[in-house]
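Both of the next two complexes hold subunit A, though its partner changes from subunit B to subunit C.
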Partner chain A sequence: MPMSATEVRDLSKEFLEHVYAIPEGEKINQCIQCGTCSASCPSAEAMEYGPREIIAALRAGMLDRMFESNTVWLCASCYLCTVRCPAGIPFTDVMYELKRLGVKKGLYAKGTPNAVMARIFVDSVQRYGRNAEMRLIRLFFMKTNPLKGVGMVPLGLKLLKKKRLKFGVKKIKGIEGLRKMLAAVEEEEAQR
Partner chain B sequence: MTEATVKKKLVYSYFPGCSLEGTNEAYDVSTRNAARVLGVELRELEDWNCCGATAYVAVNEKKSFVLSARNLALAEKAGLDLVTVCSGCYLALYKANKYIGRNPKLRAEVRNALRAGGLDFAGNVRVRHFLEVVVNDVGEDAVKRHVVRPLQGLRVVCYHGCQIGRPFGDIDDPEKPNLMDRLLSWLGAEPLDFPMSSKCCGGLMMTTHPEVGMKLTGAVLKCACRRKADAIITACPLCQVNLESRQEEICRLVGCDCGIPVMYFTQAMGTALGLGSKELSLGDSLTPVEEVLSAKGVLS
Partner chain C sequence: MVKITIDGRKIDAREGQTVLQAAKEAGIDIPTLCHHESLDPYGACRFCTVEVKSRGKTKLVTSCTLPVAEGQEIRTRSEKVKKTRKILAELMLARCPNSTVIRDLARKVGVNRSRFRRPPEDLATITDQEGCILCGMCVRICDDVMQVGAIGFEGRGVRRKVTNPFREPSDTCLVCGACSSVCPTRAIEHSRIRPQKPEVIPFEFEEGMSGRKPIYMEFAQAVPKVPVIDEDTCMHFRTGGCKVCEDNCSAEAIDHEMEEKIEEIEVGTIIVATGFKLYEAEKLSRYGYKAYPDVYTSLEFERLCHASGPTMGKIQTRAGKKPEAVAILHCIGSRDENHLEYCSRVCCMYSLKFAHLVREKTGAEVYNFYIDIRSPGKGYEEFYKRLLKEGVHFIRGKGTEVTDVWETEEEKGKLVVISEDTLLGVRRRVPVDMVILSLGLRPQDDADQVSHLFSIGCAQGGFFLEKHPKLAPVDTPSDGIYIAGACQGPKDIPDTVAQGAAAAASALSLMDKGKVVLEPVRAKIDEEKCCGCKLCVANCPYQAIDYNEEKKVSMVHPELCKGCGTCAAGCPSGAATQENFEDVQIFAEIEGALAE
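Moving on to the complex of A and B:
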């Protein structure tokens, strides 16, 4: 269902509050729509909206469209837009903020592969304190496209032959302490 | 050389990262062994945890900073610079350190979280990439002194990837990095001009959006191929896996036929330092790394 104008305004407000908390984040207001970010982005070709259009949409009260598009999740964090932006906008961080807001509000197409992967990754860290590669890949294909997972079998076998697949996951010794630290962040966020 | 530089001890805390415990063990093995030959002591950070990289930041940034900060706090206790060879870990730790240092509110929140788990962090740690440590701390003279099998006749392209120079540009140029080119020339190899050096390999998209990722990796492979390089040298486990794992398929897609070996800079360096295939885990590669080094007569 499309968002009402009020909902989009609230969403944009929350988005900007978070962006302003990023070092240099307030520079987002100085965007001159030159398109250097879109011209530099290695994934732009595959994106439904280019990076420049994100700020255009924000200004036009259409930020909700960005969450529905594939744009945000195709950012691979190469930081080329960030180093080239003439206004000094940390654009990769802006992309991350869009991902986070999308995850928080459930505003992404169901099964968006990068979003699924990110959530499995976070869960691994909560359980073990580290990422577990094999678990990540297995759960990722199970939750997105098991058929594609089957297509990965030849590569898996090659890696297996080289003993490069590690199945066990070692839990860090300080896992309890680490969980307390992460819980403290949650508490602090809940109080706001 | 001043007395101070002679006496400088090359001891660091070492952060392997999750990927080096998994598919990229060869990077860990070759790093530790090459460091030993260079007289660099890498002490593994006790009970390190996930750095909080890319996939985590996409869900919760504050928590990702706390994950990094736990490692920074452990390194601070050890009193040594924190060194990693994974560019993803490097940037996550470096960025967290920088942002925590610059933002008092964030610092207070992160310290508060750390204390809940019995740690604290005053902000006195440097995060380093091992590549930069070799180039700047070990330095040209010492590296050259340790070379016993110069990589003569080995034409290489140095693929730095994104997260060494970007976004901060503190250790190398954001768009034209050359740390590895300098190092490889000290080792006797011939680094070729490589316009793709800091272009994106597609990162995690090789798994999540292969139709996008394969094109990006393909452009890197094709460029290396056109330059008739004998090998691509990498400094990031994810770049390495992307360039080697589905190489044939990607080459077909972009119309080249190179079968090009891809190796970590630590494997190339270790070879020049006289280490053997086993000590560098060269056999782990899915590309003909051992073959090309043997053909050039540089493998011990």
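Moving on to the complex of A and C:
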């Protein structure tokens, strides 16, 4: 169900507060919409909205169009926009913040494969303390596009032959310690 | 005066002159190949041979070595002379049958082919053997004038030639180019003397896009309009020789012994108008300045389209091609936290001017990449509108990158400007032949020292601070010091002219009064109490306190003092106080205020 204009506005405001909390995040207000970020972004071609438009939508209180887009999930974290931005906006950090908040609130395009991928990855790390490639691939294609997964089998076999993929996954040593660390981070995040 | 007759004309020659010089001054043409103002007469080519009659006898003499004498009768076009010249031409033609200079000369005296045999082929040395007539001018200028002595003669008779010692590449040669500049037949091949190309001295005013000589005019409107000598490249300062320019200057105005002088001039007021510097394009590597030859700074392009510039105003790429598409990137270095935070104010309008000129002179497509077009000012917006009418493209988005990596056939061999078209929300790649970077303006490198020298402050980005932005725009905190032009902040020519006039008027009104009104409250130093620690001298922001070496005390210049009280507050012995604002007075005021 689409959100009402007021709902979108309030949500945009909340998101904006979170962005302000990032170091130098308040510089987002100084954006002059020059387009350096979008022109520098290596993923911009595939994005539905470029970084510049995200900033405009954030400031205009029209975030809903962004939730429906794939933009934040395509950020490759190359930091080129941050390095070049004439207004000094740490845009890569803004991207991260938006990803986090989107997942937390369940506000992201449900079909966005990158979000699914991120969730499975985090789940793997929590379970085993590491990435489990085979599991990641299996779950990812099951949840997104099983047919495409079938198409990837020949490549998988090749990788298996070269020992670049393995069945089964070993937990890391001292996983308890890692879990404690993750729990502490979660707790801090919850307090914010 | 010496009276001589040349071809029946009576001529007054000066004592010490040669016949050739006297004839030249009288406008009589005697052909010669080996004459040069800076070289002593040598009589090598013998082409200037004339017939002289004295005491009833006639003889043939080279006019370049013949001093004038009273009553000389000279004939330059007699049959005898003509015949001699013909034979000389035939001899030279035999030696240099392919030299265009020699062939032209021979044709002039009526010789088309030579009866003489060509000397045996020999190894060509530093000269192109086809052209060398062995006049020795190169050897003499190198040795006598330049005082380098890198080349000399070798062999005798028909085997004589000009060469390097031992025919090895010379390491004494300074690659000055004097030898080839004097060679009458243009036969010198530099690379054979020293395998190193004569270096072009980059002409600073043309942004290095053309060369200059060691003696040159700084620019066409230079004040004072006199040439300058660059000591680093002038041959005289390298070897102690040369001075060819002195020989050529008929006004005898060149003095190599002149030294830099610092003159102290006492003045009443000073107007600081030190200008600006263009921001360095090298600091923004993503635009490929210097990496791609056809990326220009705005100042380079300004010279390129100027009628007296390196291409005489022809807009062309470095390869000499007429551009089909030109990109102008606005806001390069300006409005950027990583570079200059401020808007440089003039770039929009000069970029529009460039766009107009390119369109007018070449008809090329022009793409302006801009963030905002700032065209406030009389007639400026109208000019912007005119460009829109002329079909100039405006892409709203900062030019982000310049690359030569092509993706499509159309981009092959071009420079590609990458930018977002923010009005369309799409990324664009625009292939062009030339890129102009509209660079921002920054303060001069020594702005900080200058501001300290005059005790004037620096504001935003290091530009000099005016006393008040609205009420005293050309004044500074230091009385009698005014600022004008881009040293105060980026501004265009009309604004600079207006501000300059305002500063001049302010300076005049101060001087015209003939007196300075003093502040009622100003510092006073009690000589009895002063211990001579000089603390106040250092503390005074207006440089109004000097130390008197004789009395060993500090003394206030009341005309400079602003009564700020810094000296009084810092004085350890209590010698510095403020006149009309003393402790006693303040206490009395307090008491008065507190009394019933």
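By definition in this document, the second predicted complex is superposed on the first by the 183 of 192 C-alpha atoms of A that agree within 3 Å, B and C clash if a C-alpha of one lies under 4 Å from a C-alpha of the other, contacts with A are read in each partner's own complex, and residues count from 1 in each chain.
Everything below uses one rule, namely that a residue touches a chain if its C-beta (ideal position, glycine included) is under 8 Å from a C-beta of that chain, and two chains touch if they have at least 3 such contacts.
Remember, predicted model here, so these are calculated numbers, not experimental data.
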Quick one: on subunit A, after the overlay, do subunit B and subunit C clash, or do they fit? Just give me the call.
fit
Broader residue contact with subunit A after superposition on the shared chain, subunit B or subunit C:
B
Report for A:Ala87: first if it touches subunit B alone, second if subunit C alone, otherwise both or neither.
second
Check whether A:Cys78 is in contact with subunit B, with subunit C, with both or with neither, and answer first, second, both or neither.
first
After the superposition on chain A, what is the angle at the C-alpha centre of subunit A formed with the C-alpha centres of subunit B and subunit C, rounded to the nearest 10 degrees?
60
Partner chain in contact with A:Glu53 - subunit B first, subunit C second, else both or neither
second
When the two structures are overlaid on chain A, which partner does A:Pro42 contact: first (subunit B), second (subunit C), both, or neither?
first
With both complexes overlaid on chain A, does A:Gln33 touch subunit B (first), subunit C (second), both or neither?
second
Partner chain in contact with A:Arg100 - subunit B first, subunit C second, else both or neither
first
Subunit B versus subunit C as contact partner of A:Gly61, first or second or both or neither:
neither
Please state the minimum Cα-Cα separation between subunit B and subunit C in the superposed model, rounded to the nearest whole Å.
7
Footprint intersection on subunit A (subunit B / subunit C) at none
Subunit B residues within the subunit A interface of the complex
18-19, 21-25, 47-50, 52, 54-63, 66-67, 70, 99, 102-103, 106, 109, 112-114, 116-119, 162-163, 166-167, 169, 174-175, 199-200, 202-205, 207-209, 211-212, 216, 245-246, 283-286
Quick one: in the complex, what on subunit A touches subunit B?
21, 23, 42-43, 46, 73-74, 76-80, 82-83, 90, 92, 96-97, 99-100, 103, 113-115, 117-119, 121-122, 124-125, 129-134, 137, 140, 155, 158-159, 162-166, 170, 172-174, 176-185, 188-189
Provide the residue numbers of subunit A that touch subunit C in the complex, in ascending order.
32-36, 38-40, 44-45, 49-50, 52-53, 84-88
Which residues, counting only subunit C, touch subunit A once they are in their complex?
286, 331, 335-339, 371-372, 396-398, 400-401, 418-422, 425, 427
